[in-house]
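Presented below are the structures under discussion, each in the form of C-alpha cells.
You will see two complexes here that share chain A, one where it goes with chain B and one where it goes with chain C.
This part shows the complex of A and B:
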C-alpha cells in the first residue's frame, strides 16, 4: 500500500506479514498471570465497591485507573493517529510501513482505556446514558471525551480490519473498505484531535483547585500537541522494542526523519507552554520550594531531553538514542498528565492519595493485556513489515 | 510493495500535497483562533426566585442540631469516629453526611469569632452555585440546576458514578459512597423533598439562633447586608427559621463581621450566603474569582464544538486531503494478499 515518493529512502520494507513463532513464551506466560490477578481484583471491586480495592477518596476521586489507564494510556495510544496523519494528511507515504504496527498499538490502548473506564465507574450499569439524548449533557467535557473515544475505537477497528481481511482471505471485503478508507482516515484524525485536546479541557472546570502551572485555557492545545509528539515517541520506542524482541532490523531510515518531525512538534509545544506561563504570570509558581514545582521541572526536563538526545542528524542515526528520546517523551507526557490531574490538584488540607497495591495490579494487568494482544496479533496477523533481505532489495 | 511503479511519481507532486496538508492544518488553527471571541459563555447568574440559606457564623453556637436534623431529613446513617461509637461523629461531609459544622481554633481559643486566640464555626454544605461546576461537569445530566429555585439537584438513577462532579466542585461538596458496590453521590439538595408538605431546609428549621436561615437568596442577601451595616456589639433583631415565614425573631448582639458576604459574587454567586468574623479562607472557604470555572470550560467547549461546525469543517478538509493521499488499493489488494500468503508459506 505504501507509495514511494521519489525523494524517499531506498525501499527496504515489504508488505506487512505475520512474524510467526510460538505463542507460549516467558512474556506471554507472565502477562497471562498478571491478567488473571487483575481479574480476581476486579471481582472484588464489583462485589464490594471501589473502596474495597482502591485508595480513592473524595479529595482524590480520580486515581490511576482514570489518570494512568485512560488519560495516559490513550495518549500512549496516539502512535496510530500521529503516523496516519503524517502519511495520509501530510502525504509522507514513505512512513507507510509504520502505520499498521502503530495502529495496532493504538487499537489496544484505546480499546482497553474504554473498557478500563467501566472498572472505575461507580454506577457502571448506567454507562449508556452518556450516549442517550435524554441524559447526555453536551456542555460536559467528559461527555465529549466519552463520545469521541468510543467513536474512535470503532473507526480504528475499521481502519485496522484489512489486516483481518487479509488473514482470512476476504479480498472482497477489503476492497470495499478501501473505497472508504480515506474517510476513515480523516475521521481517525479528527476524533483523536478532539478528545486528546478535551482530556486537557477536563481540568478547566476544576478551576482554582488546579495549580496555575497547569490551569490554563490552553490546556486543550497543550494536551493535543503532546499527544501527537508522544505518538511519535511511542513509535520510536515500539519500533526499537519490536526490532530487538523479534530480532528484526530497525527501520532507522524511517525513524530518523520521524524523530525530526517529532522535534518540530515538541519545539512548538515548548514555545506555547512557556509563552503561556509567562503571559499568565504563573511561572513564579515554578520557583517555589515545593514538590509541585519539582514535578513541573521534571516534566519539562523530559520534554527538553529529546533535543539533547537526538538533536543532531548524527545522533538520530543511533537506534539507542532514538529509543531513549522516545522514552523521554513518553515520560514527559506521563508527568504532564500526572501533574495536571494528581500532583498539581489540591482540594484542600487533609486529603492525600497514593494508589493501593490492588489498584496498581489492575493497571499492570491492563498493560499485560496489551503486551499479550500485541504479541498474538503480530505473530499471527500481517502487521509488521515483512523483512526483506538486503541482497534482494 | 506492489506499487513500486509509483516511485516514478515526480517529487513536485508530493511536495504540493504536503503543502496542502499544511494549509488544511493552518486553516483549522485559524478557525480555532477566530472562533474564540465569538462564543464566550458568560458566567451564569442566580435565577430571580433562587432559594438558599444564610449562615451567620457569629450567631452559630456550634450545637450541631442542624447536623443531626440533616441526617434525619435525608435518612442517612450515623458515622463514627470515636472508639465507643455512641454518637454520630463524622469528621467531614461524606456520601452519608451532607451538612457539618466545622471549627476554627487558634492559640488559647479564648474569644469567639476572633482570628487570634479565638475560635469560630463554619457550616459545610452545598452552596447551590449560580453557575455550578458540578452541573457543567456531569456528562449525563444527573446534576441539574432547577431553573426556578436554582437548587442543584441530584438524580441517582441517571448517575454513572464517574465522580467528575466530586473533582470539579470548588467546595468539595459532592461525595461518593465508596463502601458500596452501588454507591451514589451524596450532597445537600436544600431539602427539596420536604417542601411539598410545607417544610423547608431541616437545618434552618431546627437552628436555635437563626445562624442558619432559609429564604429567597435575594432577601437573604439584603438581610446579610443589613447585618454588615449594624454597629458591632450593639443589640439588633435577628430572624430565625425561614426569612419571610412565621416570625420567630429575637434580639442578640451584633457580631464583629468581616465586611464581605461570601457567595455574593464568588464564581458568579452562590445561593447559600455566609457571614463570618474570621477571614473566610481561614475557615475553609476558598478565594474564588467572579467568573465561574464552568464558564471557562464551556467557552472552550462551545468554541470548539458549537454546532459541531469546527469539527465538521476540519473533517471536510481532512477528507479532501486524505482522498487525494489514500491511493491504492484496488490494484494492490490482491497483491498484498499474495505476499501475505507467500510469507506464511515461507515460514
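This part shows the complex of A and C:
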C-alpha cells in the first residue's frame, strides 16, 4: 500500500487519464469466474424459466433480482447523479474531478439494473411492450420507473461518451456533444429524482402488505433522500477503494466537504423518517420482539453511524473513517430497501422467501460485472484524474 | 302455474287411442311429447299441439331413398335404445318407400313409389340417406336402371320438403373423402337448393323424429342454420356441453389411451377429440341413442367430428382439434401454489460467505487507509516540528 511522503502533497488534479497496467490480476480473474457462473445460471433461467432457478412464488414475485440488482443497484448508482447535482446545480466546480468516476459507476449500476429487470421478467420476450405506446399504461408506477430508468441510461451513456471520444481521438464529436451537454446534465439530474422516488412509490401501492414501519406516503421522499446521500456514500467508498487498489493518493480535500454535504442530507432524512414514524404512531412496531423490528434498528443504526464515524472535522480527515462512513450509509440504504420490499413485506400466512443459491450467484455476478467493467475502463479509458506520481521505489 | 293444456289431453279420446296404438301408457306418450318439445326448444303449449298432431293428423307420406351409404342411419333409427321410439317413428310417418324395410322387391316397389308420389303430390316428405355419385354421369349408383341423380331429381320435384339424413346425404360424408373416386356429393349441391340436413354418422334418431314431428305439427320444418342443420340440434359445439368440459378448463388432459388421466376421465382434447370444432347435441341427447353414458366421449373415445364437413373422415382421428372459441394455454397455474421455502443451508452459507468476504475486504481497506493516514499525519507532525525548529533558530 502506498506510503506517501510529505513531498507528494498536495496532488495536482490534471485532466482525466487512463490508469494503465495489466488487466489480468486476482480481482479481474475472480470477477470473470463469477460472471461466467452467472451466465451459466442465466442460460438455465432463460431456457427453463424462473421457477427452475429462483425461489420466487406468488406471494413473493419480487426477489433479490429486483430488490438488490435493480432497486439497490440503482441506488448505489446514484453517485453520478449526486455529484453532478453538486457540481452543476449548486455550481461547486471544485468537485469536478469526482464527476467522471462517479458517472462511470452510475453508468454501470443503471445499465445492469436495466438488464437485470429482464432476468426477472417471466415473459421477458415481451419486454419491449413497455416502450410501445399501444401497451403503455400511463397510470402505472412501474411504467414511470421503467421509462425513466431507460431514458436515464441513454442520457448517462451520452454524458459519459466524451471519455470514449477522447480515447478514440474524435475531437469533432466531442465538441458537438459539449454544445448540448448542459441539456443532458439537466436531464441526468431530473430523471433520477423521478424514478428514485417512484421506486418508493412502488411500495406505497402495495398497501397494508408493507409493515407500518416502512409503509408511508412519504416513501418517495425517503427513497429520494437516501438515494442522494447514498450517492455521496458511494463516492466516498469508490474513491477510497480506487485509491487503495490503484495505490493513488486520495482526494481527501474533496471528500471532506462532500462528507459534510452527505451528513446534511442524512440529517434531513433522519428527521423526516422519525418525524413520520412518530406522527403516524408507527414507532411502537419497532419495540415489538420481532425480526422485522431488529431489521429496522439495524437499518437506522447504519444511517446514524456516519455521524459517529465522521461527525467531527478531525475524523473526516481520516480516509479510513470516510470509507467506513460510506460503507455504513450504503448498508443502511441496502437495509431500507430490503426491509421495505422483502423483510417487512408480509403477503399473508404461509408465504416464504429466501433467495436460492443460483439466485444469489446471479446477483453476485452482476456486482462482479461492475467491478470488472470498472477496472477495465479505468485502466484503459481516461476516467480517473491524472496525478503526479509521488516518487516511489 | 304450469301450463295445463297437456294434462287436459289425458282425457282426450284421440290421445288414448294413439297411446293404445303405440303400446305406451297415456302418461308415457304425453311425457314423450313434452320431452320432444323441450328438445326442440319450443314454448309452453307446443307439447300439447304435438301430442294432438301425433294423435289426430294424417301421417305424412315419406319416401326414403338410399344411395351411397351403409344404411347406418336406418339401423340407428330401427335399433333405437328407447323401446318405443321406432314404433313412434313408424307411427308418426307413413313410410311408403324404403328399400331396406320393404318386403316387396323389383317392379312392385317401383310401382309403390310412383303410387305414393302421385297420391301425395306436393305433400310427401323426401328423406335421402347416402351420398350421390356425380362423376361419369352418376353411373356408380343405380336403382331400377336410374342413376341416383335422376332418382333424386324425380322424387324431389313434387316433395313438400327434402330432409338429408346422415353426413353422406348432408355433405358427402365418408364416400366423399379424398380421392372421392365416384364424385360423391350431398343432396343440396345436386338439387342446387338448400335442404334440411341432419348430419351424423349416424345421426341421433331423436333429431330426425323431432324434425318430422315439427313438420307434422306446424306444417313447416324447424329453423335451420346456413348449412341446413336444425338449430335445436346443431347450434352448439359438442365441447360446450361436454361432461368432461370442466377437465378441459382446469387443464386436465388424458395424454395417452389408458394413462392415469384417461382412466380418471380427463378431457380427451389432446387425444384428438373434435368436440371443440363439431356442432352437434351429442352431449345432451347422447350420440346414437345407445343408452346413458355410452356416447363416444362418455366411454373414453375422442369425438371424431362425424357431423362436421371437413372434420369427420377428413382429419385424422388423433389430430388435435382446431378450437372454435379459445385455445388452451400450454401451462396452467397450479391449484395449490407453492408458498416458498425458507433459507436452505446452501443459500444461507453463500450469503454468509459473501457477507464475510465483503466485511473482510472492507476491514482490510479501512486498515490500509488508516495506516497511510497515520503515516501521513506523522509526516505532517515531523514537518511542523521541523518548521518550528527553523523558526526558533
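Just a few scattered comments:
Going forward, the second predicted complex is superposed on the first by the 377 of 393 C-alpha atoms of A that agree within 3 Å, B and C clash if a C-alpha of one lies under 4 Å from a C-alpha of the other, contacts with A are read in each partner's own complex, and residues count from 1 in each chain.
Everything that follows uses one rule, which is that contacts are C-beta pairs under 8 Å (C-beta built on N, C-alpha and C of every residue); 3 or more make two chains touch, one makes a residue touch a chain.
What you see is a predicted model; the values in this text were computed from it and never measured.
By the document's definition of touching, of the two partners only chain B reaches A:130; chain C does not.
In the overlay built on the shared chain, the residue A:373 is in contact with neither chain B nor chain C. Shared-chain residue A:32: touches no atom of chain B or chain C. In the overlay built on the shared chain, the residue A:320 is in contact with chain C alone; chain B does not reach it. Of the two partner chains, neither chain B nor chain C is touched by A:212.
When the two structures are aligned on the shared chain, A:57 is found in touch with chain B and with chain C.
The larger set of touched chain A residues comes from B, when the choice is between chain B and chain C. Contacts of A:311 after superposition: neither chain B nor chain C is touched.
With both structures placed on the common chain, the touch criterion links A:386 to chain B but leaves chain C unconnected. Of the two partner chains, neither chain B nor chain C is touched by A:114. In the superposition on chain A, the residues of chain A touched by chain B in one structure and by chain C in the other are 1-6, 56-59, 350. Remark: chain A residues 1-8, 11, 13-18, 20, 46-52, 54, 56-59, 61-62, 87-93, 96, 120-124, 126-127, 129-130, 132, 135-144, 146, 162, 166-167, 169, 171, 174-175, 178, 181-183, 185-187, 189-190, 193-194, 197-198, 201-202, 204-209, 217, 220, 345, 347-348, 350, 382, 386 touch chain B in the complex. Every residue of chain C that touches chain A in the complex is listed here, in rising order: 337-344, 346-348, 350-351, 354, 362, 365-373, 375-376, 379-380, 382-383. Residues 1-4, 6-11, 13-14, 17-18, 20-22, 24-25, 92, 94-95, 133, 136-142, 156-164, 166-168, 170, 172, 175-184, 267, 284, 286-289, 292-294, 296-301, 304-305, 311, 314-315, 318-319, 321-330, 332-337, 339-341, 343-344, 347 of chain B touch chain A in their complex.
Interface residues of chain A facing chain C in the complex, by the touch rule stated above, are 1-6, 9, 55-60, 240-241, 243-244, 250, 317-320, 323-324, 327, 350-357, 359-361, 364.
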